[in-house]
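Each chain carries a letter (A, B and C) given by its place in the written order, and its residues are counted from 1.
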């Protein structure tokens, strides 16, 4: 633990880059992720058809030259919907984690910095939230708020705040007593400036690495909630929603469920591989174990 | 031992209170009027008012809180708005299905995960290690409903070995056939977690001095793993199983939906679609109690595995 | 004279570091006679433990190897036995005890079960008779109230008592040879004395030989018949215990003796050893001790052989300077 806090921020990021260079698997993760992001960004250029264009003549067609991954029950092109679906998954995952990261680490830093009873109460609540199954929590919140994009993001962000609070709190307590923070205080810097300038950069890499791991989980949850029908509403294409449709036609049209399933699997796997490699990079104990 | 159990149970009380408080706050944080949400926009003011008083929403917030706590602790979680039966009745009716499913999943997870993790640790940085790491990472990445649908496509639709729907069956063989796919689905996810933690825990244990001592005694490789290493590697595994129990329950909800299987998952989904807030709040309390029970059991399991855990 | 129990010749054990193999034990030749205690002495990093682990083939399976030499025991070369044959031999004909009694016992097995296991494996005994034998062994190593303690776990024992359990475990199959790797280093001085006395007594009653590894010369004086001093993976001096203490000939042995506290000398005369053992990746070309040696000469750039001192075939030294002085006398 002492090790992690004494490493300065730039040396930390160098260590992360070095580990990524060594770990070949992490390159696979990075490449897959880059491909998916590319797909989402350039969806209008890549998609062969309009994802919303219904075509009753071509209902539930299996994969063919015209429709590479087949069509759904409205005759819409599955491939095009898959490509556009990446947008919702990535966007929800990214924004939800960004909010969770910001709010969660703010709570954690405040709890660690202020300490005392405030810290105990806040962390008590955080622990309870950590104990609760995230999927159930997200399900309840999304259901109560009503199914739409904003509420989906809020629900996912809410369930993922707790781990960021935990991760941000621990180093704050250590850093608070360190010389440069004491010096800042002696120079008359306010607590906001101390937290922002001295404490935040020192834990930034940890929090960001956590972010990549939790983005995998956020994308998984978005898909799960969309599958249940609590996500972005039709006709907007989402992977979870597409699987729901495939599930309803599972006996007749296998292609509907399988391709969005694989898309989710590949995206989450890529993020997990990357997150794993990054976590190895910031945990010095794991790093030395890997070197041996 | 008994004193330890009692002490541990007492320790769970504040956690339970904290969980109940969080649930209470969460339900009340939701914007909008629950009465309107339940009855719809077209409801008359009189019926809305009746609903509010039935839900206790006209009382001051602290009265509602105390009332909620007192009822929850005495096992009264309210009455379902749709069926009219108590939440407890609703839960007890489907709980056996969920318990059966999670127990079978844990069993499958341990059966696959422990050997795979051990094998990976023994063949560290060779192909079994890489294979098990990729398999377990894939398992971790699969959302519960995605793996469920893939299993359904392969075993029920393509091969036609097992039924697509797994509702209750009186015949024990049919019952097992119905359980097989949902349990396999959850079991694979659990196996992924167990493989990962078994591998790293096993690696730690294999480097211990007492493993060298056992080798110096002439203990064979098989006996070394089974008698000396596995039990010592089990504590972190149990911790992880306990920690991921919540995830397991979350995934069981999705699994039950995909396989149209009765259980807590279906009950939740029903409560969500009918906007039955009382049932929902009651279900959250039941889940909280469930998780606290598992955590307590996990703690008690340490004592059974490791004699160094003292009971004072 | 009968054949030695253990006859090691030209043993070289290597570790792989960053893709290259480096020797941790070099040109190690030593015989242990029946019912004899030979001490291996040296600072940490001198290759003592690696030697013992090589004999029992307990070096890690990956990243370590026996590169050269033979380890003759009961007519077999241990360096060439299969792993299955070694498993039959370990704990049966050759037993080993380790330095850390706190971590060397399995925390989740009772001490009785751990001792009985050796007997079950090698003698094929039933659990019941193995446990009865385990009880007898616990009594033999003088664990008080042995019958009640048979089913206790290691954490319920003190360090000295755990080391007694380790000894009981090692003796369970009446081994011909005991490898003792710093067995008393982690213990208090009084406990250390008791354990050493016990070992000496058991050595007589069981008629076994001991290869005793230590860095403590006081322990050597109490235990050993002959002493091999190790430095940087090789033996630098080998003689009877009396010769080592009365006429130390290798400059390193002299330094070691000067650093040792003695009752008959003022502690002000203690000289600390300066510098440290070279790492196995940075061995000097010539004499390994030369960089720290007070007698250093230009000749020391050549690697010295282990040679007998004049007229004393049983006192060998690896030092160009001392061999030269002897010759000049």
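In the analysis below, a residue touches a chain if its C-beta (ideal position, glycine included) is under 8 Å from a C-beta of that chain, and two chains touch if they have at least 3 such contacts.
As the structure is a prediction and not an experimental result, all values here were calculated from the model.
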Item to check | Required steps from subunit A to subunit C (each step between touching chains, minimum) | outcome: 2
Checklist outcome for this item: The chain pair with the larger count of contacting C-beta pairs, comparing B-C against A-B, is A-B
Next on the checklist: Please tell me the distance, in whole Å, between the geometric centres of subunit A and subunit C computed from their C-alpha atoms.
Outcome noted: 56
Checklist entry - Which integer distance in Å separates the CA centroid of subunit B from that of subunit C? => result 53
Checklist entry - If you average the CA atoms of subunit A and of subunit B, how many Å lie between those two points? => result 22
Checklist outcome for this item: Note: in the complex, subunit B contacts subunit A through residues 15, 18-19, 22, 26-27, 30-31, 37, 137-138, 140-146, 149-150, 152-153, 157-158, 164, 203, 246-247, 249-251, 253-254, 257-258, 268-269, 272, 277, 280, 284, 287-288, 291-292, 295
Checklist entry - subunit B touches which residues of subunit C in the complex? => result 56, 58, 87-92, 95-96, 98, 100, 103-109, 117-118, 121-122, 153, 155, 166, 169
Item to check | Touching residues on subunit B, where the partner in the complex is subunit C | outcome: 208-210, 212-220, 223, 227-228, 231-232, 305-308
Checklist entry - Can you list the residues on subunit A that touch subunit B in the complex? => result 124-125, 127-129, 131-136, 139-141, 143-145, 216, 220, 223-224, 227-228, 230, 243, 246-247, 250-251, 254, 257-258, 261, 264-265, 268-269, 271-273, 276, 289
